[in-house]
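As written, the chain order gives the labels A, B and C, with residue 1 at the start of each chain.
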Amino acid sequence: MASPLIHPDRLFPADPAVRAVARRLYEQVADLPIVSPHGHTDPRWYAENKNFPDPARLFVVPDHYIFRMLYSQGIPLEQLGVPRRDGGETEQDGRKIWRLFASHYHLFRGTPTRSWLDHAFATLFDIEERLNAENADRLYDRIAERLETDACKPRALFQRFNIEAIATTESPLDELKWHQMIRDSGWNGRVVTAYRPDPVVDPDFEGFRDNLTRFGELTGEDTFSWTGYLEAHRKRRAFFKSYGATSTDHGHPSARTADLSLGEAEALFERVAGGQEVSAQDAELFRAQMLTEMARMSVDDGLVMQIHPGSVRNHNGGILARHGRDMGADIPSRTDYVHALKPLLDRFGNEKNLTIILFTLDETSYSRELAPLAGHYPVLRLGPAWWFFDAPEGMKRFRELTTETAGFYNTVGFNDDTRAFPSIPARHDVARRVDCAYLAELVTTHRLEEDEAHEVAHDLAYRLAKKAYRL
Amino acid sequence: MASPLIHPDRLFPADPAVRAVARRLYEQVADLPIVSPHGHTDPRWYAENKNFPDPARLFVVPDHYIFRMLYSQGIPLEQLGVPRRDGGETEQDGRKIWRLFASHYHLFRGTPTRSWLDHAFATLFDIEERLNAENADRLYDRIAERLETDACKPRALFQRFNIEAIATTESPLDELKWHQMIRDSGWNGRVVTAYRPDPVVDPDFEGFRDNLTRFGELTGEDTFSWTGYLEAHRKRRAFFKSYGATSTDHGHPSARTADLSLGEAEALFERVAGGQEVSAQDAELFRAQMLTEMARMSVDDGLVMQIHPGSVRNHNGGILARHGRDMGADIPSRTDYVHALKPLLDRFGNEKNLTIILFTLDETSYSRELAPLAGHYPVLRLGPAWWFFDAPEGMKRFRELTTETAGFYNTVGFNDDTRAFPSIPARHDVARRVDCAYLAELVTTHRLEEDEAHEVAHDLAYRLAKKAYRL
Amino acid sequence: MASPLIHPDRLFPADPAVRAVARRLYEQVADLPIVSPHGHTDPRWYAENKNFPDPARLFVVPDHYIFRMLYSQGIPLEQLGVPRRDGGETEQDGRKIWRLFASHYHLFRGTPTRSWLDHAFATLFDIEERLNAENADRLYDRIAERLETDACKPRALFQRFNIEAIATTESPLDELKWHQMIRDSGWNGRVVTAYRPDPVVDPDFEGFRDNLTRFGELTGEDTFSWTGYLEAHRKRRAFFKSYGATSTDHGHPSARTADLSLGEAEALFERVAGGQEVSAQDAELFRAQMLTEMARMSVDDGLVMQIHPGSVRNHNGGILARHGRDMGADIPSRTDYVHALKPLLDRFGNEKNLTIILFTLDETSYSRELAPLAGHYPVLRLGPAWWFFDAPEGMKRFRELTTETAGFYNTVGFNDDTRAFPSIPARHDVARRVDCAYLAELVTTHRLEEDEAHEVAHDLAYRLAKKAYRL
């Protein structure tokens, strides 16, 4: 643990008095179990418990944080082993990919990617040197060797990471067979699913009508009628609950909601599910209406709603054509919440048994919209700094911009939201450190007393996530 | 004053060198008189000079900062004694309300509400313990006892708070009888009114047409003709001036202004004041035109204009129906100034005898629009961090985002903008501390010399408000 | 250099540990040559190498940063010697202008203007006192005397400032005669031009059709046909390249781009270049299309594109009528990049031989749009904090809001973007100090190691600008 890659005081304020408080706060929360209520790890890992492949295929090839930065500096994705849609040639030699990555490691200076990687290198592989072109091969060998051991199998890492519970994210069309396999295995790691209905809720989703067909097959409902379609959701939600799901997740382009009459909703559904091309207006309105329908179901079944709006997906047309979705080309855009959420909130904003967690990629909404909304509506909570903002400065801004209006108790602790399994402890550690630094600042400027800060630190690191997500 | 609730160094930067400068700056301004040029205290208090009721009715029931936070965590407003429109039952026992509040005091950690309360508890009631469920009754008794004394009557507090002048805010339909009563009493406290014409300027205001009728009765003008309507404003403005008013205040949904021809304005007024339903476009255009009309009158009578745009009022439909307006459900939204103000500025932007003070609930406008505008137009000044941003981090952002473009001298010192009388000294104290902290940062990073910082601190705490508001 | 006006530790964080790192970093970059790849100094200065006129005409009369602030506080531009369009009387006595300026020097407290002035006063004129009403005459005399010496001639200052290369900005209609004269003189200072085609690209530009005519005369092309018009650009770009140009610059109201078919583009050009009034839509669409055309030419000729969008020019109608353009009344407005740039990026976003540098006056786009875009697209780079944000807090926000997503290597170092020659060293010095302060913060919070920080400091101060601008 004494690797120079991870200084024990990292992310604590430089001022000695503030740092001393931050240290004391952090000490009490550093080793708390990890609650990871929202993320994208693959349940197959926990089900099969096979060793991860080589270092490049663990760290570089699947991580769009990494290859987007390399791509931005002119390195073709093919050279990084990222598959092409047309099956065209891409680099297959993990060592070559790793060398290319290592020789550009300086690009990550000042980014969270760098700190997550260094944390994993240091804690999992006892690496003490900064990665570079010269030591690339040596570190590759070290990591490759360790990855073959039992200690680096998914379940062993899960235990080592001290994960109390982790949520994966699945489509309603997923049969949850890996979750079933985990259950059958008798392993005691808590891996739950979450209901992400975008493929059957977003008319712009690839294969939307085919998805509806499959949705009907899975549920035995007529998913081309409004009633049957809603009933199919109810059934799949119940099915997901039986695999531990406590939440749903909604990744819409905007936060728009609607509250149509039954007749309007039926007519809209007919236009959307029918054979014709769906207009952009109808697609947006349907997604909007479905957020309200999902809220209605949540009032009944208690699943916590998460709304993740504001990403313009697949912005780079060339990359989409060549490599497909999720290639680091999703770009945030301006997002309104105040007007967008009103229809849903007018209907369900004052419910007792409903929790809606709001995320944003538009930081201007923190202080102007999200904190004022969450500081009033009983159903609303603020999700943590998300995606591009899941980094020290981004997290700090989140606290500075929301706390004075919404306090700490309308927030929900940390989400790692990651596909990158080895980064999970690093990400939670960063969140704990940044929150302790923020609290230490409040303590030393006499806005909060230290005994209170200890309680808040514990809440932010552990209790709020469990409570908000009903885990 | 040595109550542990209010540390003498609170809000000063932790770094010893910076803190030392901040202390020196603050010492010179800590005891300056309070100039409160914009606020919502009730003139009746000063007129009647009666004791305030029990602690809950002083601190909790009327303060939407407090009950919105409690409501956001699921506490029904009825349990907090907030009246219902239908006269339905609400908690009447102040002690029970207080206990509920006290047992949720942790929700306010990190919020300005917490610091204002602690400041009042410590300075007015010599309380030394943090409020909690256990000491709730004891503190209730202590406060209740003190509230009955002469020292806690409004005028005594006014004196004790060292208020040099305070402005209240009244509708043109207000007869200013409490202001008359203050005047008749011979008391020497300076309480002035401010002209807030929204009820007769905003066609969406409840009872707008009835308000016009009453406006006519009060002024003897035909307020259903454009000429008579404008003349009525002139008369009421003069009447308000005779009660010390030096400013007007405008709380529109947007900052939009217009500069219509006489014919267009008359036709618009006819549509707006006539019996038919007013379209949203006409309502917005009328408010826009009226800002320009008010500016024209200000050029003549010297009243300083304040524009407070950008709040979506009464966002929560359920709460509006059940409890009415001003229930903590006003939510900011995006606000444009650059295009919105152009018509007014094209007409009056270069006037000698006009001051327009701009406020915002959209912090993105500080550096992008407001500071560049105020750093150029002679009629414009920037109001202080407002409402949700009237807190240490919000105030700090205000300075960081405006000073480099607009300097200090296009700002107007501090407004408390409050209904919560006991919070006034706390709020001004926070502003003084935060400004001194900001200045200390400039001094220690050698961007300003300390002698200059002393002068600026004094300006920000006292002189700029007097000058800008002509008090 | 020991003038009290410029403290050796200015802009370094107050904390002793952080300051020590900042000092060490700064020491290594303080004396690096200045690369100024974007600016508006007058090539005539270097060509003629005449002495600058009196202090007021050097510092006050031509600098809209200065006179906008004075104007915002009620000082008429006429009293500051700013010429009137109608030839009306303005102050001609430099000393009187200087006195007026000096007696309002306090207005600049906390602004970058103040620090640039103090830096120039101290380093060029050995001034040790803060300017004020009392010492105004004395300092005027000192500066005036020095301005007459050879040491204060443009080329001598150029050498003294240690400028390795500087770019000016010219219209395609400029014959570059001053650049020719510099070349003919045999002087070895590197002064290059940059291609700023707004006068022949923006249909709203004053005299647009006359400019097209002149454009045709200069190139021998039929600039009223789409083909001839584009060819004229190609020729002028080549001509500018022969005078050292490595970049183009585009100051559009928005960042909108378009990618029309040839037929659509031709038809649009016909509407725009024909005799009739151009609609706002067509003007915007034409500018949009021309950004894409410019990108296409850049792919061929290697000129780096700079896009400077988002300024509402000449906001103050009265000032425009009286004094003309560039009078400190340009105001930023909200700027979208994500949707606006998509057409251009869909066409050229993945090119090898193209660099597009994006600037903004809307800071909300840093973290939401610009850093995510530049952190993905190989053609994109982020320009430094621009105009109103070219100041310590603005620069700090730029780093805090972009680095975690885009890193350092998708940025391009510093631009001074100035007409104010004596401020150039001060501006670069501020940028170097602020970057070192930011890096020192990363080092002391263990997000970056000091050896890396040294390398980054050097990159930001010198290497990145040379590389991005191909200088």
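In this section, a residue touches a chain if its C-beta (ideal position, glycine included) is under 8 Å from a C-beta of that chain, and two chains touch if they have at least 3 such contacts.
Model, not experiment: these values are computed from the prediction.
For the pair subunit B and subunit C, the CA-based superposition corresponds to a rotation of 120 degrees in steps of 5.
Residue numbering at the subunit A/subunit B interface overlaps only partly, since under half of the positions present are found in both copies.
Remark: subunit A and subunit B have CA centroids separated by 40 Å (rounded to whole angstrom). Among the residues of subunit B, those touching two or more other chains are numbered 13, 15, 364. Within the complex formed with subunit A, the residues of subunit C that make contact are 13, 15, 17-18, 336, 338-339, 342, 345-346, 349-350, 352, 364, 367-369, 371-378, 380, 400-401, 403-410, 441-442, 444-449, 452, 455-456. Considering their complex, residues 7, 9-16, 68-69, 71-74, 106-112, 115, 130, 312, 315-319, 328-334, 361-364, 388-389, 391-394 of subunit A touch subunit C.
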